[in-house]
Structure formats: structure tokens, C-alpha cells
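Consider the two complexes below, in which chain A is the common component and chain B and chain C are the respective partners.
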Partner chain A sequence: MASATGGGRWERVRKGMRPRIREVRRSMFLLRRSPLAIVGMVLILFVVIIAVLAPVLAPPLPERLQPDPSINRMDLQSPKPPGSNYTFQYLGTDGQLRSATISYPFGTGESGEDIYYGVIWGARTSLMIAITIVGIAALIGLILGSIAGYYGGVIDEALMRVTDVFLSIPSIILALAIVAVLTRSLDNIVLAMIVAWWPAYARLVRGQVLSIKESAYVESARAIGARGWRIIFRHIMPNSISPMLVAVTMDMGMVVLAAAGLSFIGFSQPGVCEWGRMISAGSELIFSQVLYEGQVYNPYWAWVFPGAFIFTFVMGFNLLGDGLRDLLDPRTRR
Partner chain B sequence: MRTYIVRRLLLLIPVLIGISIFVFCLTRIGGDPAALYANPHMTDEQRDIIRESMHLDDDILTQYFYWLSAIFRGDWGTDPTNGDVPVTQSIMEFFPATLELTIVSVFIAVILGIYLGTLSSSHKDRAVDHTTRIMALVGVSLPIFVMALVLQYVFYSYLGWLPAVYQYDVVLFSRYAAGWNTYTGMFLVDSLLNGNLVMFIDGVKHIILPSLTLAFSLVAVITRLMRSSMLEVMDLDYIKAARSKGLPERQVIGRHARRNALIPTATVVGMSFGTLLGGAVITETIFAWPGLGRWSTQAIVQLATAPIMGFVLFTAVLIVLSSLVVDILYAYLDPRVKLG
Partner chain C sequence: MDDSALIEARGLRKHFPMREGLLRRQTSWVRAVDGVDLCIRRGETVGLVGESGCGKTTVARCLLHLIRPTAGHVYYRMPGEVRRRMKELEHDLEGHEEAEKASGGHGPVAAEMASISERYSLEAMSARQLRVQRRNMQMVFQDPYASLNPRMLVKDLVGEPLLVHGMARGEDLDARVVELMEMVGLSADHMYRYPHEFSGGQRQRIGIARALSLRPELVVLDEPTSALDVSVQAQILNMLNELQSELHLTYLFISHDLSTVRYMSDRVHVMYLGKIVESATAAQLFEAPLHPYTRGLISSIPVPDPSRRRGKVPLAGEMPSPSDPPRGCRFHTRCKHRMPRCEIEEPPLIEVARDHFLACHLPNGTDDHGA
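Now for the complex of A and B:
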């Protein structure tokens, strides 16, 4: 008996989902015709594949292992110092700066660390921080924005004043101020960025909710006696999601850019596989000349490779976001 | 108009209070607030005197009011990165360089952005348009510090055309700048006021790379905006009217379309001063530009909290005030803006 009701319920859910599925299919079709969005998706896929396959593409090599004295007990599968979520770069065994060779495809940095290794594992770090920051900030924004927009009044007024303050300061300066009083670590950069990022989402959702709140279907839901929470979660949130989707996609890139900026100016942990920090380390070599195997080099590889990867990552999300915006904007859609 | 300005000023008050609360909270989170004023050479008694003078044993609300009154008196703590002078004095010392860099960057970005945006819209869906759009996307996707490194690598290390760091050549300065007076702190302006053409040219050479770096992402934003608002305007009836009365295309675009498309761009430019101040932190650090941004990163490296809080407070207030000015100017420029 219970299973029969469950089945009936499932049937109803499926029926309810049908128009949405059709809508998603149609969107996918339109997206496929936008060449720039396709390029964006390919770039994102490229980074995701690198991140997933990092242990295969750049396995930690025990013979190169001379761990940073500050990083104890390295795990061979993925060298993370205790208490950290992020992989760390090996320091080279010889402290030799070298240009690209077979065993070091992207050359080595100042203390002989393998740039290729750092860049590959850096993809994982970037994806992790982007998903964490954007995910949590968007969730906070979605919840607070919906409540403020739906209930209005004092709650709304209070939230708007708080977001006014946050939005009046550029997010990178806001985040800078927050990490400055905490200890230096990538986790604190992530924390500061979440604090700096949620108000923009809250404002976006609130605006959407305000315009949807008066629509006929919300009115009829209210007329049949649906409660506030049900209306917010079942009717308002699903229908206000599309501008949010564009913002989230764009921000995946922007957040990584800003986090890299913060770690560039010195908030990151030394040794972590993170592109911004690697570029920062490489930039200190920009005026130097190194003698390696009889030739003089300017060690550009130490910043060019992580720079190229961060660019790929951000460009991918920007292209996809641009494509999604054209797609979801009803004026340009059909 | 006057009621609009008054209303706008009243709206400013909660924001300013909010900013002060935010910065105050940060100074209390980050360990002992007395450390802001202390330096390593102090004895324990001296520290106790500081604690007492800051009312650190009172409740938090009292602390806030004492802190706020200190801020209003201009007592923002001391700056260990700059020989323990007051933070306010450091800000006055480093701000002109940042302002100069920001003005030059906005100037470059506006000229380039408007030109490229117009070009892109009048050649819609042709090669020029696609190139400009891709360039604009690159502009927002490339990290500002990578852009800076590329410019330094190409123009300094590889071609050797332009200097890579600092505001002027120190050797040249010691040779040619006898009797130099600092009037404004902005190097280009000062060199002109001193009538020193050698240093002016040297200053121009030094400002090119950092200002291009800073302008790069803004150019991208302005180009995209200019393109879309031009396309919107070009569909309107008065453009058709201008065309049908036989005006040459140049005049239709330059006189009629561009002027109206400029309005949204003007707002973005006004707002971007703030973003540029944020971007300046990184740019100034790479180019060793002696402005607020580099000052604050030095404070970060030396773990000096007072200058960082001073920097945040100063930039936040500056941005809030500049957006006020932009709003008022905007209402003044565009009579269609509903005042109220």
C-alpha cells in the first residue's frame, strides 16, 4: 500500500517535471548553436579532466621527494600537510632552476620545484575553491534574498542596509581586510571571499523574488493555502534561478581570479599548488637571468604556465556564462 | 534636484556607519587591538597605558564609540611600515601616486573603450567586431598580474623600450632634479610645475606600463557596454530620421548615436574608480608604484594591521563618496533620470 502511494507520488513528480525537462532540452539545443559557449564548455571540461586525472597526469615521484621542512608526514598519493585540504608542491632535490626538459615538462622554479606538478594539481585547488566559494555564497544569498524579498518589511530593510555596506567596498579590498586579520592560508582566503561575495547574490535573488511574488501562480498557491516556506521553495526559488545561473557561472571564474590575486599579494600558504601563488613566486624571477646548461635564460616558464592555466579556467567560465546569458534572456531567445 | 541630493546624502549615513562597524569588528577580531598602537620596543607598562587609553576593559559599545571618536580626531594608529608615523600621514603621502595612476588609466580606458565599442557596433558581426569582442573577453579573463608580467617581460626584459618599475628613474632624478619641489605628490604634475621636462618624459615612460595594465580590464568592460548600448540606440527612430534626412554615416554615429550611448558608460566609468583602487593593489605591487596599494601590501607582509585598516576605511569612504558624486552628476546629465 505504502509503495503504491509512493509510486503515485513519483508519477506526479515526473509529470510535473516534464515541462522543465523539455525546457532544459531546448536550452541545450540552443546552447549547442552558440560557438563561443561550446568553446567555453570545452575549456572547462579540459580543466575538470586535469583536476580529476591529476594523480595519473602528475603522480608524486618519491625520488624527487624532499619535502618542505614545514610540511611533515607527506602522503604519497597526494601530498597534503596535516590539516590542509590542498596539495603541496614538492621542493626539488637540488634547488636548480631549469627550463623545460623531458622529466620537467614545464621547467622548475627557484628552489627546483616542478612547475608541471604544481600546475596540474593547481587545477584541483582552483576547482575546489571556486565551487566552495560560489556554492556557499550563492546558497546564503538564495536563502537570505528569498526571505527578504518575500517577507519584506524590517527583515528586508535590515538585509538591504547590510548588503549596501558590503557592496560599497570592492570585494577584493573587503576580502583583503578580512584575511589580513586572520592567519595566512588558502582556507581563510576562501572564507573571506564567501563573506565578500554573498551580498551580490542576495540582492540578485531579492530583486527576482520581488518581481515573481506578484505573479498569478504565486497568488493562486497562496489562495489554496500554501505556507510561506512552501511558496518560497516550491514556486519562487525554482523560477528565479536563471539569472542566478548566469551569475554563478561567471563568478566561478571571477572568484578564482580574485582568490589568485589575494594569494599573489601574499596571503597564501607557501608551497600550496595554487596558480596565483605560483605566479607570484615566478614573478620574483622576472628580472633575473639564469645560467642552465651553458645558456642564459630569463625564467619566464615559472609564471607563464600557471598564468596560461588560470586564463583558460576563467575564460572558459566567462564564455559559457556569456552564452547562457544570451540563452536565458527572453528578449534574445526566440 | 535639491531634495534628490539631500535624500542621497541621508542614504549615505547608514552605509558609512556600517563601514565603520565592519572595520571596528575587524580590529577586534584580529587579536589584541592595542597591538595596533604598540611597537616591539615598548615596555609592559607602556602597553598597559595604551590599553587603558583605548578603554579596552569597557564593554564593546563603549569601545566602539571611543574608537569612532579617535577616527574622527584623525588618530588612526601608527604605521610601522613607514617609520611609525601616523597612518593618516602615510595615507596622505601615498595617495597622490595612486590617484595619478588611476586618472591616467581611466583616461586611457575611456578613450580606447569608446573607440573600440563604437567600431565594434558599426561593424557588427564582421571581423573587427569579433576581434574586439574576443579581446574584451580576454581582458576580463586574464588576471591583472599576468597581464602586468607579460608587459614587463615584453617591453622591459625583451625589447628594453620601457622601464619596468617605480615612478621615475632614481639616477636620472639625482642628476637632473636639483631644487625639486613636491607640490602635489603626483609626479607628472610636479615635474611640470617644476618646469623639469626631462623628469616629465621619464615619468611618462614609467607610467605607461602600470596604467596600461590597470586600464586593460576596464577597456574590456567599457567596450562591451559601449557596443551593446550603441546597438540598442541604433535601432531607435531618431537614428532612422537622421539617416533618412541624408546625414553621412559618420555624423549619424558620432553626433547622434554615440552621445546617447555614452550615458550608461559614464556611470560605469564613475563606478570603476573604486574597482581600479582595488586593482591598483596588485598593479602597484608588481610595478613598485609608491601608492596606497603597494603600501597596503607591504603592511600585509609585515603583519601591520593599523595601515591595512586605515587603507580599507579610506578606500571605502572614498568609493562611497565618489559614487555619490557619480549619482548626482548622472541625474544632472540625463534629464530622464527620475529624481525621487
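Now for the complex of A and C:
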């Protein structure tokens, strides 16, 4: 018995971690048996690696940084260093449309911008957009949904009527309206999407909390004299998080798609490496023919590459989300 | 002897609102518990039996104030003299109903009653006081599969009450958890596991360790063995008996299984549709049941002897809905001794023999034993 009690603090922490690691291993094992989830993870990993290695894969080349008349003066005076934010200066703006070459692997767009550079740094933009929007919206939803579900009554009514108002307006339209009122920028798209996205999470969490609140183990926690916050954080939240996890994973893709949509219709600022904005710029060239070095081209590269990356990103999170849903379904587990 | 009540419920009622329709308008009440008096003395085991849905569990939850009763009081550790005084007052109140009403419920008798409630009833406690009070009264839940948080380690489940009440932490807590686990027949190796890794019986042992960790005086056992195999049931019941004498526990044992109630209890209350219809010592109740319902229940216990034919008084029909209980005696719809009076007048629970209470219009219930 000495082995169970003695050993000091570190020993106890280690022992406490062992079964948790075992559980995670088990989950990974179950996840591994779902081939589509693996494909999803590979796709996500691909995008994450690109985002992390962006400075290596597409180093900013100062000699290509030329003033773009569409970028406003303010931005030029204080150019944001790459990596500090999800907005980056778009390189190579000499107004020359090119097909793929060694120095421009994916060709260039109408104003001569490097598609390869934009696509690589766009991975960062998308990941940051997705994590920021989904992270903050999920956190707000988790907190407000738990409070509404656990305390019920007037608090619940008030919070749920607020979410009703938000949910009655299509989220894209709502985000569109918010950005339209504010200035057009990626930051405002993110802000607008958070405002539009959290009510869905609050609803989801509230529903979970309502059912788990009635469970026998929550009553057991009340019977031992646990306080409200302890019941919420230790008993209700860990057991109501699984559908949230699935929704969050799925939404990572959806949010990027929606943000790209907003960018596409012109709510992003110019000069940003964002896939939706790049498709928007390239869409004008879909049916055009350009003469370049004596040959006629259809400059498909201007929209195909950013489109392929959005597809990869969204598909990856959707497949993983599906896999997680199967994995976390309580009916298939235990 | 009757003075040493550890916990006592007077006139306990719990009515749940039924809501219907689009606007969730409250349409009727489910009278889950409709006027229950219950007195549990220190050190004894009181059994509470009845069919499913008669309100046994609701009584338990009201008694521990896991839900607020609609009406009635639960008194904890009320001294004998106060208890006698309160009974006098209750008696006075009945006699002087008119006078008390005239004074708008603020007469001297009502005032004294209120001051007693203020001091001893759980209703008068603040949320904080009630949490502290929970150290003294704990519950073992019916379903060991649902009553343990699936995301907590056994160590945390058993140690949580101690942590919540600030009674132990760190290594001290671990040592206490090991002690508790061994007390209920589990080993220290089981600490770092999740509940789903255990069998039903082991889970119930975890539930018992959790309930006993605070060294409570009263433990409410809400059908602790109904989800378990028969052989495991016996182990758990024997362990509960041993723990009772070891730790000087007081039990309220709730079950629909009469054999286990007989095995465990000193006194037994029989519940039907939210009311107690008969109560007596276990021996008396099982030897000479008086209420037709009790007799029906007892004769439905299977006897493992085909040659022995007992006078069967099977219970016909089903229990009416507690949202619309029958008028008069609640049992009259199923009673074969029904009299016209039973359909109009509700029989009070009166002492027909020493320590034997009965709510039936027949003078001695059904006298024809063994018919």
C-alpha cells in the first residue's frame, strides 16, 4: 500500500496522468481505424506545416516589394512584419501576368502578384482566422451556454432570447452587415464572424448541460455538498464537451469558407494573403486569354491554386470532424 | 426511546408541475409525495418499500434536500424535549384551528412552531449551511453505472467529498482514499482507474466509499442493490450491515424488494402513491401485515418451495397515476376489501398496535391472515 500513498508530489502527478494517457491512446487507436479521419488529419497536418514553414517556403523578397497603388498609404508606412499578424504584404506587384516559372512557381496574378507566395502565407491567414473565430466563439458559447443551462430560469430566458435574435439572421448576412458598417478589413471579418458564430455554440452547450444536469452523478455531486462552479467545471463541462469538439472541428473549415466568401465579395482589404480574396482577384481572369511571351494562356493558376488550398483545408477539418463524431458517440463507446 | 430521532420529516409533500402545450402552461400536479411523516432514530435502519413510482426516491431526495419539498419540514437532530413540545403544538394547532386562522397564522402556537423550525429544520438553512450539513447525511444512489462521473478517476470520486469540505488534501487525501477503498473491499491499485473499468458491484462499492468518506451519521440507501446480480447483492448488503455497526451509521433503506428490506431493516414503512399506508417493526410487518396492500406485496414474494402453497393475495391492476390519485383511500381501486366508505373518506394513519401504524378503514386491516 505504501506504493499507492508514498512517493511525493511528482509521483502522484505521474500516477494520475497514466490512466489519462491510456484513455488518449485508446481514442487515438479508435481514430486510427477510421481511414477518412486519417485522411483529414493528413490534410490538416499538410496545411499546418505549410503555415509554420511559410517563412522558409516563401521567404519575403524585399526586391519584389513594390508599391501597389491599391494598398493604401497607411499600410505602406507601417508595413506589418510577416508573422506578426495574419495580414501580410503581397509581394511582386509589377503588373505582369506570368505563367509558372522557377521564380514564380504558381505564376502571377493580374497585377503581377506571386500566387505561390500568397497561397503559402494564406495558410497562416486561414489557420489564424479559423482558430481565432472558432476559439473565441466557442469559449463565449461554452461559458454563456453553461450558465444558461445550469442556472435556468430568468438567466436562461434572457440569454436564449439574445441567441434567438442572432440565430434568426443568417450568420453570413449578419457578418456581412457588421463588416459593411465597420471598415473593410480582415480583422473586422474575424470580429463579425465571432459575433455571428457564438450563439450556435451557446445553444449546443446549453442543450448538453440541460441533459447532463439531470444525471445521477451531478445529483451525487450536489449530495456531497459541492458548489455550483465545481459542478459546472468538474462534472458538467467535461461530459458535455464532446459534441462541442465535433462542432468546433467542423466549423474550423466552415469558418474559413465563410471568411473566404466575405473576402471574395470584397470585404477584405487588398494586399492580403487570403485565399478567398485571391480567388476573387483570379475570378476576373477565368474566361480571359492572355498573351505572354508569344503564347496565349488562360490564367487558371490565379484561382485554381488558392481554390485547391481552401478545398484541402475545409475537407481536412470536415473529415476529421466526422471521424471524431463517430469516435465520441456515446452509444458506440462503453 | 422515541425521543432520539436523528432525522424527522413532518408532512412532507412534493408536487411536480406538469406542463403541456406550446406555451408550457402548467396544467396539473404530479403528487409524487403527498404528506409523509418519517422518523429515523439514531443507529437504526428504516426500510421504505413500495412499487416503482410510488415516491420512495422522491422522499429520499426531499429528506436530504436535494430537491426542495413543496410543503413540510425535515428536522435534523431535534432534541427529545423539543420534539415532544412540537407534537403538543401540532396537537394544539389542530384543536385551535379556528383561533389560529383568525390571527392569520401568527398566533402564539404558530409562532413557537416557526421558531422551532427556524432552529432545527433544513428548510431554514442557507445554501452554505446546507452544504456543511451534507457532511452528516449522505446518499448511495440506485444506479452505480449512472451515479459516478465517467470522466473522473476513482481516486477523485472517492476523494472529492473530502476535498469539497476541506477535510484533506495532497498526500493526506490519498491516504484517506486508500483507507476508504480498503474499507469497502477495493484495493489501492484501483485508485487510478475510471469507473467504466469496474463491474456493477465494484462501482457500488465506490459509491459507498464516496458516501462514507465524510463519516456521515445518516446514509440514505436508494435501492443500492437493485441494479446488481443476486450474489453481488448479498455481498453489498452484508458489507453495509458491517459498516453500520463499525461506523455507527443510521440507514434509510429504500427498496422495492421486500426480502432485502426484511433482511436489512429494523422498522419498515410501506408506501403507496405518495403516502405511507402501513409502518411497523420488520418482524411485525412481515409476520402480521394488516394493510391489504402490504399483504399483497408480501404474498408476491416468490417462495422457493413448490410444495408450499401460500394464501395468495395477488395485487390486481396497476397503480393509478399520481397526477390524478383516486379519491378516498388511494388503494381502493385495487383493494378486494373495498367498502363504500373507502371511496369517499381517506383513512388516517393511526397506531393500531404498539409501534404499528395503519391507514385503513377496516378496524384491523384484513384480519383473515393466511386466507
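By definition in this document, the second predicted complex is superposed on the first by the 287 of 334 C-alpha atoms of A that agree within 3 Å, B and C clash if a C-alpha of one lies under 4 Å from a C-alpha of the other, contacts with A are read in each partner's own complex, and residues count from 1 in each chain.
Throughout what follows, a contact is a pair of C-beta atoms (placed from the backbone, for glycine too) under 8 Å apart; a residue touches a chain by one contact, two chains touch by 3 or more.
All figures in this text were calculated on a predicted structure; none of them were measured in a lab.
In the superposition on chain A, contact of A:143 is made with neither chain B nor chain C. In the superposition on chain A, contact of A:245 is made with neither chain B nor chain C. Between chain B and chain C, the partner in contact with more residues of chain A is B. In the superposition on chain A, A:267 contacts chain B only, with no contact to chain C. In the superposition on chain A, A:290 contacts neither chain B nor chain C. Within the superposed three-chain model, A:23 lies in touch with chain C and out of touch with chain B [touch as defined at top]. Shared-chain residue A:279: touches chain B; no touch with chain C. Look at A:222: by the touch rule set out above, it reaches chain C but stays clear of chain B. In the superposition on chain A, contact of A:57 is made with neither chain B nor chain C. Residue contacts after overlaying the shared chain place A:176 against chain B, while chain C stays out of touching range. Contacts of chain A with chain B, set against its contacts with chain C after fitting on chain A, share not one residue. Touching chain C in their complex are the following residues of chain A: 1, 3-6, 8-9, 12, 15-16, 18-19, 23, 215-217, 219-227, 230, 234-235, 238-239, 334.
For chain A in complex with chain B, the touching residues are 161-162, 164-165, 168-174, 176-178, 180-182, 253, 257, 260-261, 264-267, 276, 279-280, 282-283, 286-287, 298, 300, 303, 307, 310-311, 314-315, 318-319, 322.
Residues 14-15, 18-19, 21-23, 26-27, 29-31, 137-138, 140-146, 149-150, 152-153, 156-157, 164, 274-275, 277-279, 281-282, 285-286, 296-297, 300-301, 305, 308-309, 311-312, 315-316, 319-320, 323 of chain B are the ones that touch chain A when the two sit in their complex. On the side of chain C, the complex with chain A involves touching residues 61, 64, 66, 130-135, 138-139, 141-143, 146-153, 155, 160-161, 164-165, 170-171, 174-175, 178, 182, 188-189, 191-194, 196, 207, 210, 214.
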